[in-house]
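Next come two complexes, and both contain chain A; in the first it sits with chain B, in the second with chain C.
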Partner chain A sequence: MKPKTADRIATIVFWLLGGITVGVLLFIILQIFGRGLLTALNPKFLLGKPEAMKEGGGIFPMIISSLYLTGLTLLIALPVSLGAAIYLAEYSREGRVTGAIRFCVDSLAGLPSIVFGIFGMTLFVIYFGWGYSLIAGAFTCAILNLPTLMRSSEESIRSVPGTYREASFSLGATRWTTVRQVVLPSATPGILAGTMLTIGRILGESAAIVYTAGLFVRKAPTSPMDTAAPLASYIWYAQTEALIPDFRRVVDGGAAFLLLLVLLMNFLARRLARYYQRKKLAGGADG
Partner chain B sequence: MVDETPIDDTKTRISEYSRRCADSFTRETRMEEPTKESEPRITTDSLSMSYGEFKALEDITVQVPRRSITAIIGPSGCGKSSLLRCFNRMNDLVEGCRVTGEVKLDGEDIYAPGYDVIQLRRTVGMVFQRPNPFPKTVYDNVAYGPRLSGVKDKERLNRVVEESLKKAALWEEVKGKLKGSAMNLSGGQQQRLCIARVLAVEPEVILLDEPCSALDPVATQRVEDLLAELKERYTMVIVTHNMQQAARVSDFTAFVMIENQGEPGKVVEFGDTNHMFTNPVDERTERYITGRFG
Partner chain C sequence: MKGSNGAGGRERVIRFALFAMASISIFSVLLILLFIFKESLPAIRSQGFTLLTTNWSPNVSDPSAGSYGMLAFLNGTILTTLGGMALGAPLGVGTAVFIIQIAPERIEGILRRGIEMLAGIPSVIIGWFGLTLLVPYIARVTGTSGYGILAASIVLAVMVLPTVVVLSMEALKSLPHELEEASLAMGATRWQTIRHALLPAARRGILVAVILGMGRAIGETMAVQMVVGNARQLAFSLTERTSTLTSRIITDMGESTGVFRSALFAQGLVLLLLVMLLILGVKLVSRDKKVK
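What follows is the complex of A and B.
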């Protein structure tokens, strides 16, 4: 075959494969929005109380549960993963310890989330006696998302040019000062983008939540010890149990709203990254 | 370029540079006081350095005199940058790097256990091959060092920033955009900013690692002029692959080279630049400076 022909065929094949990916995604988005967008944009549905056996229930406590859970999870996962990422990227010398850490992290990342759910239930809900609660769900979700959050932070830190570090050290800065003043400000866009994607994952997580945080509540949770029903786990519950007469409406509406939230998060992630990039170029990453 | 130039022509040009250097050298020696001033600032004694199994430098013994510019020249990969980085222990940051022998700053062994590396790097500043300002404002770049040593007072910082930028001959060009990003400056301006950033720490020695290799001839000229001015107050060591530059700016020269592939770099000749460029002792030095290899 002539190289030119081969090139043309390759172009067509890759174009097709790319097109299939985009097509499938578009199809899913259109399906979900087509079924539930109208419900999802209805204030009565969004701000209403859920019903267990009657029609016309809303999802307000579920939205609050989701946001609450996301916040708590980040509060736990961010400091730990950022600390570990800084250690791996800046402090550790490559060796057996870092190898072991990476192996553990990568293994964790490969586990299905239901395993984390069962683990969280055993440890936090039963052994610690926290019951179905936001805090148990948040710890479980934090462990689940630790690997990806840590790896994306580590990558962002590693991608900061070594010349910045050299410059800082040569001016008599300690490692910690260099990390704080030069490395972290430059790595912030990447870390933020990784965090936003993680938020999307937490919002969409159900398997790790149903046995730890809960799946049905009437009232929005206030204390971290309260039982909660994050949207994703409530959708799972409504669909599986089918006790609500209009469960299709609730499930479709909930799914559409969830999709909206996740799309919004990803959109924000991109915007934030771009904003920081511009700010960095315009000077004063720290001010 | 050098390879195509007839040897005679190169020699004439070199001797002309040397005369200029000799002038500045006599001016320097006149300034020297007989006491501590005449002692070298940095001395090395049988310094060897290796990266893991690979030995990069062996048996280096040189002396860097005060208030003068010492050039380290040699072909690519001969270890001149590695040698420079022994003087402020920047090699510490490279994994598997080992240094044996002695490096003394003002008579004190900087590789002695417990030696304060942070203080060393404040005394011995460094300018790198590629301009590497932080992605911060011009002001914050220069203020970085003073802030590290705890200077918080706004007025004092302003003064240090202005003085350092003036010393680096950059003030007039950037005084209106101190709050703008350093990334928006030209390459030459960025390199002078890096010099200002070093000066703000008030070092005594400045190491320059091929500071002009990423700059155009005009920017190079400005940096070289600046070095000539700074010589009055600082001890400088410059690594350069450009022999004309070494001849133009330096008072003393160390010629480093590798005999055979895989062997460590050694100092072939060390001495007065003027002398070395007009009357090299070693045959290899002569071949190198006349452009016959490297």
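What follows is the complex of A and C.
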């Protein structure tokens, strides 16, 4: 075969591969929205109580569970991951301890969520005696999302120009004052972008949740010790058990609503990241 | 850190607090290893090598009377992962090459955004998609139930795609521009440049992308559970119902007690070791690169 012909064939094949990837994505999104969006945007479905045996149930307690779980998880994970990121970016020297920390963060990031799920069940649900509860789910989810949050925060902190710090030091500020007054404010949009992505991940998480927070409730949880049924867990439960006669409608609607939430979070994350980049460019032009 | 005044003392306290937060990751990994291992001990003790057979006959009312061999599910995990990678790795690497080398700028942006979106789609949603569209389709074409390794492999291919594409793109982007320019200047076509210059130069990074994609595939639970059929049998045929380690754990954990539950933790331990092995592999591959 002539090189020219081979090149042309290869180009066609690469276009095809790219096309398949986009095609798969579009197909999934259109299918999920096509089947479920009408149900998902129906107030009776969103604000309704779930049914166990008959038709017409809604997902209100599941939405509240998802939001509650997300809030609690961030409450635990954000301070810890931010502190860890500040330590790694501003205080640590690369050495054996830092290497061990990084290796463990990589390992945590690679572990399957089901492993976090059965770990959380043993430690929080059984050993601590918390039962299936929001707080058990939140601690499990916090450990699961620690690596993502840490990495994105560390990256945002590291990308703050060194000249900012030098200026602050030269005015006599201590390291902590510099971090708090100078570094963190400039890194905030980047940290927020990482947080949005994490919120999307928490909303979609199920394998780590079903045996820690729970998978079915009739009433929205109020206390952190209450059993919950985050939307993703409930979707899995409703289709696996298939006890409700109209489980297809419920799962279709739930899936469409969940996808809508997750895509919204991704959109916000991208917006923040772009805003951040623009600001950084502007900051660079000033200097 | 100079002086012994209040500010220096405060700095030291803060430094220690931050260090403590950073160490939580070490602490978490150790706790997870410890607990998963401890919980699987009863099964390892009472079942011994039976754990590594295909004899899975749990006894719910008297767990210690059952037999808990996990080989059929390990087989399921390995086959679905290999199947997922066989489809997902070429597609992912090819897409990465397309984005970096071939796509016009506008299409490149759409693709990047699309990959980000795909990475964010929850696994229950991909599973539901597989269950309601893919499985019936396979059933119609092959005349079987539609559940099984083939359906799970396709679902996994979709799920590993973002990991493989993003990391391969990084590997390709980190190559020096001169490499491409030199190859093109010597009269090589774009395909010759990709095949003989770019892909070989980026092979370590691409290998890392594939290994990390594999890690995702091994651990994927919900989407696989929904399409693999969850039969407790050893299967080699593409369209026979079977289970993976993850699907077995999530299906049985709720109703299991005693040795039965412990055997599920032993499966979790195997899962954990497999993934740790892959992470170590990634470390080795990327360390070699630094030495060179």
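As a working rule, the second predicted complex is superposed on the first by the 248 of 287 C-alpha atoms of A that agree within 3 Å, B and C clash if a C-alpha of one lies under 4 Å from a C-alpha of the other, contacts with A are read in each partner's own complex, and residues count from 1 in each chain.
Definition applied: a contact is a pair of C-beta atoms (placed from the backbone, for glycine too) under 8 Å apart; a residue touches a chain by one contact, two chains touch by 3 or more.
Since this is a predicted model, take the numbers as computed values, not measurements.
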(message) Which partner chains sit in contact with A:Thr174 here, chain B, chain C, both or neither? Use first/second/both/neither.
(response) both
(message) Going by the contact rule set out at the top, does A:Arg93 touch chain B (first), chain C (second), both, or neither?
(response) first
(message) Once chain A of both complexes is superposed, is A:Leu203 in touch with chain B (first), chain C (second), both, or neither?
(response) second
(message) Looking at A:Ser186 after the superposition, I want to know if it touches chain B, chain C, both of them or none. Which is it: first, second, both, neither?
(response) first
(message) If you tally the residues of chain A touched by each partner, is the higher count for chain B or for chain C?
(response) C
(message) In the overlaid three-chain picture, which partner chain does A:Glu166 touch, first (chain B) or second (chain C), both, or neither?
(response) first
(request) Residue by residue on chain A, keep only those touching chain B in one complex and chain C in the other, then list them. (result) 174
(message) For a test of understanding, state which residues of chain A touch chain C in their complex under the given definition.
(response) 3-4, 6-7, 9-11, 13-15, 17-18, 20-22, 24-26, 28-29, 31-32, 79-81, 83-84, 86-88, 91-92, 100-101, 103-108, 110-119, 121-123, 143, 146-147, 150, 174-176, 197, 200-201, 203-207, 210-211, 232, 235-236, 239-240, 248, 251, 255, 258-259, 262-263, 265-266, 270
(request) Please give the residue numbers of chain B that touch chain A in the complex, ascending. (result) 88, 90, 93, 95, 118-119, 121-122, 125-126, 128, 130, 132-138, 140, 144-145, 148-149, 179-184, 194, 197-198, 201
(message) Per the contact definition, I'd like the list of chain A residues that touch chain B in the complex.
(response) 93-94, 161, 163-174, 177, 181-182, 185-186, 280-287
(message) Looking at the complex, which residues from chain C come into contact with chain A?
(response) 7, 10-11, 14-15, 17-26, 28-29, 31-32, 35-36, 39, 90-92, 94-95, 97-99, 101-103, 107, 110-111, 113-118, 120-129, 131-133, 158, 161, 165, 188-192, 194-195, 212, 215, 218-222, 225-226, 246, 249-250, 253-254, 264-265, 268, 271-272, 275-276, 278-279, 282-283
